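Presented sequentially are two complexes of subunit A, the first with subunit B as partner and the second with subunit C.
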Partner chain A sequence: MKKLLEVALGILTAVGGFVDIGDLVAATATGARFGLALAWVLVLGVIGIVIYAEMAGRVATVSHRPVFDLVRERLGARVALANLFASFFVTLLTLAAEIGGVALAVELLTGINYLLWVPPAALLVWLVLWRMRFQVMENLFGLAGLTLLVVVVAVWHAHPDWSALLHGATHPAVPMGEGRPTYFYFAIALLGSAMTPYEVFFFSSGAVEEGWSTTDLIVNRMNVYLGFPLGGALALAVMVAATLFLQPRGIDPTHLSQVALPVVLVLGKVGLAFTIFAFFAATFGAALETGLSCGYTIAQYFGWQWGKYVKPAQAARFHLVMLVSVVTGALLILTTIDPIKLTEYMLVLSAAALPLTYFPILVVANDPDYMGSKVNSRISNAIGSVLLVILVVIMLAAPPLMIITKAGQ
Partner chain B sequence: MIDAGLMLLDRQLIDADGMLAGKVDDLELTFPEGGGPPVVTAILAGPGALAGRLGGRLGHLVEVVAARLRHPEETPGRISFGLVKRIDSAVRLSAQRAELDTDRVESLVRDYVIRRIPGGDHAPE
Partner chain C sequence: MRKPLLPVVPALLLLIAVVLAGCTGPVRSFGVYESKAARTAKEEASAVENARLVVQAATGHKAFGRYLSQVLTETGDEASSIQSTFDAIQPPDGRSDQLQAELDDLLDAAATTIAALRTAARRGDFGAMPRLAAPLAGVSRKLDEFARAHQ
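So, the complex of A and B:
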């Protein structure tokens, strides 16, 4: 019974914790500009994160070694250091974007400029990282993130033409006025939003933080196989809402309020209240995950003690890295760089950096020295390999596409 | 011993209390006096040791930073191979990390930064 509750809670927090600023921005932008013509990319991205997060969680559970620890052991000190630079940089940008998202959510609520909310938001993020227990943190913000269900309710209430939506999703076509390069540029951003590298850093380190053992492998599978697709469904609902309400009006979202607009149009003030809360929970929860991931990657490369399962004084450098990362992220937003633009760049860079994280996971998940009998199944390997090929193509295609399309304009 | 590099390099160090204590950044090899193959006499850990293995401009950069962080007369952190208790997926040591000279930077950060912030010595709630 206790295990059952644990599994249920795990699934719920996986659903609520799935969506972050990247998903909100990417799903809204693609829905507003392309309708559901990019929905297949979201499906592909969810399959990708499911396959690789399951591997990362299984590796961490069986070997008690999180991803970046193994990256170094597998790739060697030099290549892993280059990987660390790229992964940390992308994760730090994501942290900055999430802090910006928190501040924008509070701006929506108060009407006071978001820049004023950046310092208190960053302080609150750091305080939670400093003082709150891992499980409490994960459950609290995971469950709060479930309020994003309000978007599903809004879509349902709008009584859309379901068959037209389905047709748009299954017969993807580049809309009039949009070029093919732009279409693929946004496809890459959307894939990046579903598969951001920090998710596997956080998920595998979380397995060690929570002291998972082989009896928890079932928790790992349920979280990933049920929680992530349902979380992806929330992102899809955001995309559908943008397709229904933003695309006909020709709105290209540049602010978080436009992401909230469909819900407001259908459900009014109550909808707005729920949406603001959901934005806050989603971005704040993700700020915690990315803040931790900044510490995890660096500490795991150098072998320092890390984790919230010990006192801060016992993991001094880990906490120092998190503190510096949160401050740097906040300062980056305070330069008045547009947080939504920053998110879009971050997503494309995330997508380009994905093979660096996913390749070592695939290798270690097949190594019987670490995994014993729990090595990858053939299906995992087949899907994992195909995805990796796609990710390498994306890594090569992202920089030229970014230049040709002037970052999707 | 032939596979010392493969077996040991870049492995996690874990101390007697199960705390993470750095990585095997490099190895100290000694040639026995009577000739024969070299034997591993110590594990070198910390940025100073890592810099040597990275090589090139990157290694030089790490070395410069590492040298700034330690006393001029100190050498990169060294852990005598006699302290190695067991080698599995990690290298397990029979000493506590506070006793190792590879723990210097960690204890500096702990004493001068983390302990000075309220709550640094308390477990999260």
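So, the complex of A and C:
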């Protein structure tokens, strides 16, 4: 019974913790401009994160060491440095965007300029990272993120033409007035939102933080096989809401407030209250995950003591990296850079860096010295390899597409 | 000694891409100016439609005043930004001057109406919003027609 509750809680937190500022921005922007013509990319991204997060979680569970630690040992310092360079930079940008997202959510509630909320938001993120236990943090913000279900309720209450939506998703076509390069640019951003690198570092390090053993492999599988797809369904609901309310009017969303508009129109003030809380929970939870991931990647590469399972004094450098990352992220937002624009750029940079994150995981998950009999199955390898080829193509296509489309204009 | 394997080349390429994506060159021909005008009209139409959606929410008492005021402030700022960006482009010839005048009338009408809506929302005068927003439907249609005609 205890195990069952643990599995259920894991699934719920995986669902609630799936969506972050990147998913909100990418799903709304693509829904508003392309309807459901890019829904297949979201499905592909969810398959990708499921496959690689399962690998990362399995590696951590079997070896009792996080993926990044093993990447350095298995592939050497230079390859691990390339991995670190790409992942840390993207994760730091994501952290900045999440802090901006928290501030924007509070601005929607108070009407006070978001820049004034950046320092308190960053301080709160750091305090929670420093003081709160890992499991409490993960469960609290994962469950709070479930309030985003309000978007699903709004879509349901809007009584959409389901067959038209299904047709749009299964017969993707570039809408009139949009070019193919823009379509593929947004496809890359959407894939980047679903397969953000920090998710695997957080997931595998979290498995070590929680002391998973081989008996917890079922928890790992249920979290990723059920939790992540259901989390992806929340992102899909955001895309559908934008398709129903923003696309017909030709609205190209540029603010977080516009993500809430469809819910407001259907569910009114109660829906708005839930949505603002959901924005706060999703972005704050992701700020914690990205803050931790910044600390994990650096500390694991240099072989420092890391984790929240030891007292901060015992992992001082790990906590220092998190503090510096949070301060840097906050300062970046305080330059008055638009958090939504930053998110859009971050998503494409993230997608371009994905092969550097995922290739080493594929290698380690196939090494019997670490994994014993728990190496990848043929199916995992086949899907993982196909995805890796797609990610390499994306890495090569992202820079020219960014120039040609002027970042999706 | 071997060089460390850092992803310097891809990182540089991406950095160059980010910088180039934000660059705008001088407009030297009517064709380029026309496409920029069409793009501006499309962006402004998006802001106008957003304002209309907010008015719809306000009329149905579906949102808190603070939220409505916030969204209209953002929309107003966006409309102003779109107009100032367009006005900063030098028209290259006489035909472009005409195009600028035509579009500027529409941009002015949109910005003025959205500013009035923003003021009403700040004062909590949500009842006046449908009346104030009345011109937006026509402005939106004209912006859309302009964008299509000059695409």
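Side notes on the structure shown:
Note that in this section the second predicted complex is superposed on the first by the 409 of 409 C-alpha atoms of A that agree within 3 Å, B and C clash if a C-alpha of one lies under 4 Å from a C-alpha of the other, contacts with A are read in each partner's own complex, and residues count from 1 in each chain.
The rule is simple: a contact is a pair of C-beta atoms (placed from the backbone, for glycine too) under 8 Å apart; a residue touches a chain by one contact, two chains touch by 3 or more.
In this text the structure is predicted, and so the values were computed from the model without any measurement.
Steric overlap between subunit B and subunit C is absent once the structures are superposed on subunit A; the two fit side by side. Within the superposed three-chain model, A:R78 lies in touch with subunit B and with subunit C [touch as defined at top].
Of the two partner chains placed by the overlay, only subunit C lies in contact with A:G250; subunit B stays clear of it.
Once chain A of one complex is fitted onto chain A of the other, the partner contacts of A:G177 are limited to subunit C, with no touch recorded for subunit B. Shared-chain residue A:G268: touches subunit C; no touch with subunit B. When both complexes are overlaid on chain A, the residue A:Y370 reaches subunit B alone and has no touch with subunit C. Looking at the superposition, the partner that touches the larger set of subunit A residues, subunit B or subunit C, turns out to be C. Superposing both complexes on chain A places the Cα centres of subunit B and subunit C at an angle of 130° as seen from the Cα centre of subunit A, in steps of 10. When the two structures are aligned on the shared chain, A:W304 is found in touch with subunit B, with no touch to subunit C.
Looking at the shared chain after the overlay, A:P312 reaches subunit B, while subunit C stays out of its contact range. Shared-chain residue A:F134: touches subunit B; no touch with subunit C.
The gap separating subunit B from subunit C in the superposed three-chain model is 5 Å, by closest C-alpha atoms.
On subunit A, the patch touched by subunit B and the patch touched by subunit C overlap at residues 78, 81. Within the complex formed with subunit A, the subunit C residues making contact are 4-7, 10-11, 13-14, 16-18, 20-22, 39, 42-43, 45-46, 49-50, 52-54, 56-57, 60-64, 66-67, 69-71, 74, 78, 144, 151.
Taken together, the subunit B residues at the contact with subunit A in this complex read 9-13, 19-23, 25, 45, 47, 50, 53-55, 58, 89, 97, 105-107, 109-110, 113-115, 117, 119-125. By the touch criterion stated above, subunit A contacts subunit B in their complex at residues 63-65, 69, 72-73, 76-78, 80-81, 130-134, 136, 299, 301-306, 308, 310-314, 316-317, 319-320, 369-370. Within the complex formed with subunit C, the subunit A residues making contact are 78-79, 81-82, 85-86, 89, 107-111, 177, 245, 249-252, 254-255, 257-258, 260-261, 264-265, 268-269, 272, 276, 345, 349, 352-353, 356, 395, 398-400, 402-403, 405-407, 409.
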